[in-house]
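Each chain gets a letter, A, B, C, D and E, in the order it is written, and its residues are counted from 1.
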Amino acid sequence: LSSCGGDSQSSQTAAGGEKKDTIVVGLDDQFPPMGYRDDDGNLVGFDIDIATETFERMGMEVKLQPIDWKVKEQELNAETVDCLWNGYTITDSRKEEVLFSDAYMKNRQIIVVMADSEVNSMDDLSGKKLALQSESSASDALDSVPDFKNSLEEVLLFDDNNKALMDLESGGADGVLIDEVVARYYTKKDASKYRILDDSLADEEYGVGFRKSDEELRDKVNETFKEMKEDGTLAEISEKWFGEDITTIQ
Amino acid sequence: MAVLTVKNAKKSFGENHVLNDISFEVGKGEVIAIIGPSGSGKSTLLRCCTILEHLDGGLIQYSGDVLCKDGKYGDKEQMQNIRKKFGLVFQNFNLFPHFSVLRNVTEAPIRVAGMDRQKAEAHGRELLHKMGLSEKENAYPCELSGGQQQRVAIARAMALDPDILFFDEPTSALDPELTGEILKVMRELAEEHMTMVVVTHEMGFARDVADRVIFMDKGYIVEQGDPKVVIDHPENERTRLFLQRFAQDGVSSSKEGEPA
Amino acid sequence: MAVLTVKNAKKSFGENHVLNDISFEVGKGEVIAIIGPSGSGKSTLLRCCTILEHLDGGLIQYSGDVLCKDGKYGDKEQMQNIRKKFGLVFQNFNLFPHFSVLRNVTEAPIRVAGMDRQKAEAHGRELLHKMGLSEKENAYPCELSGGQQQRVAIARAMALDPDILFFDEPTSALDPELTGEILKVMRELAEEHMTMVVVTHEMGFARDVADRVIFMDKGYIVEQGDPKVVIDHPENERTRLFLQRFAQDGVSSSKEGEPA
Amino acid sequence: MNDLLSLSLQLLEGFGWTLAIFFLTLLFALPLGMPLAMGRMSKHKWISKPVEFILLVVRGTPLMLQLIFVYFAPFYLFGMPLGNYRFPATIIAFSINYSCYFAEIYRGGLESIPVGQHEAAEVLGFSKRQTFFRIVLPQVLKRIVPPMGNEVITLVKDTALAQTIAIMELFRVAQAAAASRTSLVPLVMAGVFYLVASFLITRAFNWAERKMSYYH
Amino acid sequence: MNDLLSLSLQLLEGFGWTLAIFFLTLLFALPLGMPLAMGRMSKHKWISKPVEFILLVVRGTPLMLQLIFVYFAPFYLFGMPLGNYRFPATIIAFSINYSCYFAEIYRGGLESIPVGQHEAAEVLGFSKRQTFFRIVLPQVLKRIVPPMGNEVITLVKDTALAQTIAIMELFRVAQAAAASRTSLVPLVMAGVFYLVASFLITRAFNWAERKMSYYH
């Protein structure tokens, strides 16, 4: 796998091959507020703002490439994208395939229930149905707590969080396990309709995924992160999207 | 009493008056041949008699039971009762391809007449034997020659013991060599005094076997009577013209006329 | 020189010896009728002469040009050249349903013989006129009666000006009334000294029009000669038996024999 | 190795759901197609036109949408809580969708039976019901075997759409496994399952075709 | 209101990709199906058997898998960089898949032409090529119109699978819009697009059927 992308970073980007300093960012365009489409169809989101800022500082041109999230690692290794940057959770099994940047943000997997639900804790969910987005870090998080998982009557895997929440609302599921940042976005409109359990699953961290061979590129991104932390850019972008600075770069 | 009475039968398809005031009777044991040019309404007449088409006006009566009067038909049950009195042998046989020969013959007696299976099969075998098809009872229609298929069709029609049998051009779909075979079967039926109405182009058969010939043209009966008279010495101009054509292909080996 | 020479022709399908040592010649302007029971190999013989089947052994020669010798065929070009010398009218016509009548007749002259379209159409119209089909040139085959379809098939075969025309049972697919019509066309062709080989069941036609009759049985030529002699006074026992059957359906109005 | 075994077991479990959808859809859609076909062929415009419209809409929109609609409509349109409606909704959506495809195939078969078969049965006195079940239907079955074979193979693969409303069928299991292993192997294995199923169906239909070829 | 307009424009753009996949697939798969059909019908086992196997595999596995395979195989099997291969890969996978389905339809059509048509052409001296293009093919076209209509409508809806390798076709756009709006409206609107397309295709095929019904 390393034969092509071996030595240097951006010069090897196949997808943007014509131009030396173009970097292709692979993302899911159905993952608000990290990356999604606004009402006019433009790609927007927290991750998109940070990625754009980071690579601009590095003197690179950014090309945003929405991909199907279920083949994201294959896209990365096939060099059709140069990094995965979209609320991409750092896990041990992914580390074997992918080179991660420093974690730039903390995330929790939280459980959303309907406001009038009798479920108040994870224990109350035993024997009930939990919905979540398939192929997401929520499913990894759930796998890491087998006792909880086994106590559930059923795990419902949906293509996207949208349908999972619809299923919750319409009574098909009793709770939705979902990235905290995403949950905030979705529940913003109808805050009174939903309730978030106090319990949450293991904390996790978002990072940017690179090919194993692109260490130089990864290091440069880490440096840029620090720069942006220092001059307050990260905080600024975070406040724009979340109303507070929740980034974790030291 | 006549087995079949047709009086002032009328039938149109839209503007096309296919049957105009057709009347005739068929007595028990009689064999009637209906001849006439293509499109003259012969098939339509047979279809009306077998309730495949409904008359617009006129009467059809089987052994005194009225099928329709002034174009009005009885109820379902009455019609079903009358259906038992006749049988029809289609020009292209219309055998049921998915049934064996025996089952083609026994299905209606069992399902429609409610006959006991064993009795129906015994009767069916007897009919097939008479038709020279004893060895074929387990064959399927597609495995039979045209002539054999037709004999199955006859056996099927006979299986319900009808008072009268209708045939629509029984030989025109057959290889000429087989024609002789099938005409022989019909001759035998005639000898057993089966009542039959046969639409045919076989003048030889009409002349030799029929008791009466009806010549139709444009939905009218133009001429009817003794076959020898009608065929060999037709009175009507139209009949003469029609029969002349047959001379050409050797019915009577005569070469006198050119076709019109 | 003979238009067609067939010598010691042999053909088997697997174990089934369909043609066993068939030899005959057809002279210019001759009309040959081939008769015989079903399965005797008549159609196969015609198909071998028209290169639809290949002989296993023997010779076929058209006006001196060898098509095959001892079962060995010439190259593609030679075969293509010989194809121009004959025409075939299929039993079920095999007209091209998607072409108009005129185009059925002109397509081969234009595409195969490379004739100029205008010339081909003029010639095609002439042929259709001769066949009494002038008004039908823009019709499609499905709009024609069986007899009309057959006349188109004849015109199509004639359009390449063949030296010899083959017919496979030209009337057996037709309504008896149309048979007279088509036989009239063939009589006219005969009068114009068209060389023809006709497989037929029409004894009347064979007797009246053919110069020579060939009677086949089980892949052999059993008897051949003057039609009056062969048909009315057959020497061979098998021929006699075969012709008896025809008596039944009125070829000669005789009633002497029952079929075997 | 052990991992491959456990993966196989998971896939097999998913395949169980796939088969359940497959067979239940056939169970309902096969008979349901017939009244639709007959409605479509009806002489009465007020029957044939609505049926034609239904066929157009169902065949003209993606099954995935129909699944979403059938599953969520009771709640969003009528406020009915869904409870355990997931699997029934899948079967309803699949059955409706496939019965419309089957209806068009049946119609082709029905229209190809010569009118003479109906007439022969009528003259012999068979009732409409007897004519249909004893004379027409057996002949229709024979004629529709090839197109039905195609459609049924498509059904096997379409079962993957049930994941839209979170049914854990084969493809969903394979995708989840592929994601957690960051490997395409589970997807390829799922492909093999589909291939084997398609192959067996093809065989079954060829067998049916041969079995019915005792006549033509 | 303004929002709906902008949404419609986005969907329209996605529909552009959908149409591009649709027409390019037809462009390649329609002719490609013919040699496959003929290969399948070949008298030589060493041609017909491999073709039969190809048809089985392609028709027996999900198109989604084929898309993934066609897109990633050049890199994972041969180390070739993929560059701008996304759209070409889509067209290749769709064309292969559909040519196999078309091949089976063509085969049905070819087998239904009476052998007498070939013989008549042969006796008249037409070359094999002329016989095929002038006599056989026009008649085949007429006979395959109905099954082709079904298959082509299926193609319209199958284009949605192209999102697997990140083509921004209609359904993908609709899903993204549905996610950010937390609403099913975009999906329903996409359904309407598919329905209209299916309707127009049905119309076109009915027209073709009528146009070719000047003979039978």
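Here is the rule we use: a contact is a pair of C-beta atoms (placed from the backbone, for glycine too) under 8 Å apart; a residue touches a chain by one contact, two chains touch by 3 or more.
From a predicted model like this one, the values you see are computed outputs, not experimental measurements.
> Report back the single chain whose CA centre is most distant from the CA centre of subunit E.
Of all chains, B has its centre farthest from that of subunit E.
> Let me check something: if the centre of a chain is the mean of its CA atoms, which chain is farthest from subunit D?
C
> If you average the CA atoms of subunit A and of subunit B, how far apart do the two points sit, in angstrom?
83
> Report the inter-centroid distance (CA atoms only) between subunit C and subunit E in whole Å.
Roughly 47 Å separates the two chain centres.
> Round to the nearest whole Å and give the separation of the Cα centres of subunit A and subunit D.
The separation of the two C-alpha centroids amounts to 38 Å.
> Hunt down the residues of subunit D that sit against at least two other chains at once, touch-wise.
Within subunit D, residues 68, 72, 76, 184 contact more than one other chain.
> What positions in subunit B touch 2 or more of the other chains?
Counting only residues that touch two or more other chains, subunit B contributes none.
> Any chance you could list the residues of subunit A touching two or more other chains?
70-71, 74, 159, 166
> Where on subunit E is subunit C touching in the complex?
Contact set of subunit E toward subunit C: 114, 116-117, 119-120, 122-126, 130, 134-135, 138-139, 142, 214-216.
> In the complex of these two chains, what residues of subunit D are touching subunit A?
Interface residues on subunit D, with respect to subunit A: 68, 71-72, 75-76, 81-83, 85-86, 163-166, 168, 172, 175-176, 178-182, 184.
> Would you tell me which residues of subunit E are touching subunit D in their complex?
For subunit E paired with subunit D, touching residues are 56-57, 59-65, 68, 72, 101, 104, 108, 146-147, 150, 153-154, 157, 160, 171, 184, 187-188, 190-191, 194-195, 197-199, 202.
> Quick check on the complex: what are the subunit C residues that touch subunit E?
Residues of subunit C touching subunit E: 50-52, 80, 83-84, 86-88, 90, 92, 94-98, 107-108, 111-113, 140-142, 156, 160.
> Hey, which residues of subunit A end up touching subunit D in the complex?
70-71, 73-74, 93-94, 96-98, 131, 134-135, 139-140, 143, 156-159, 163-164, 166-167, 169-172
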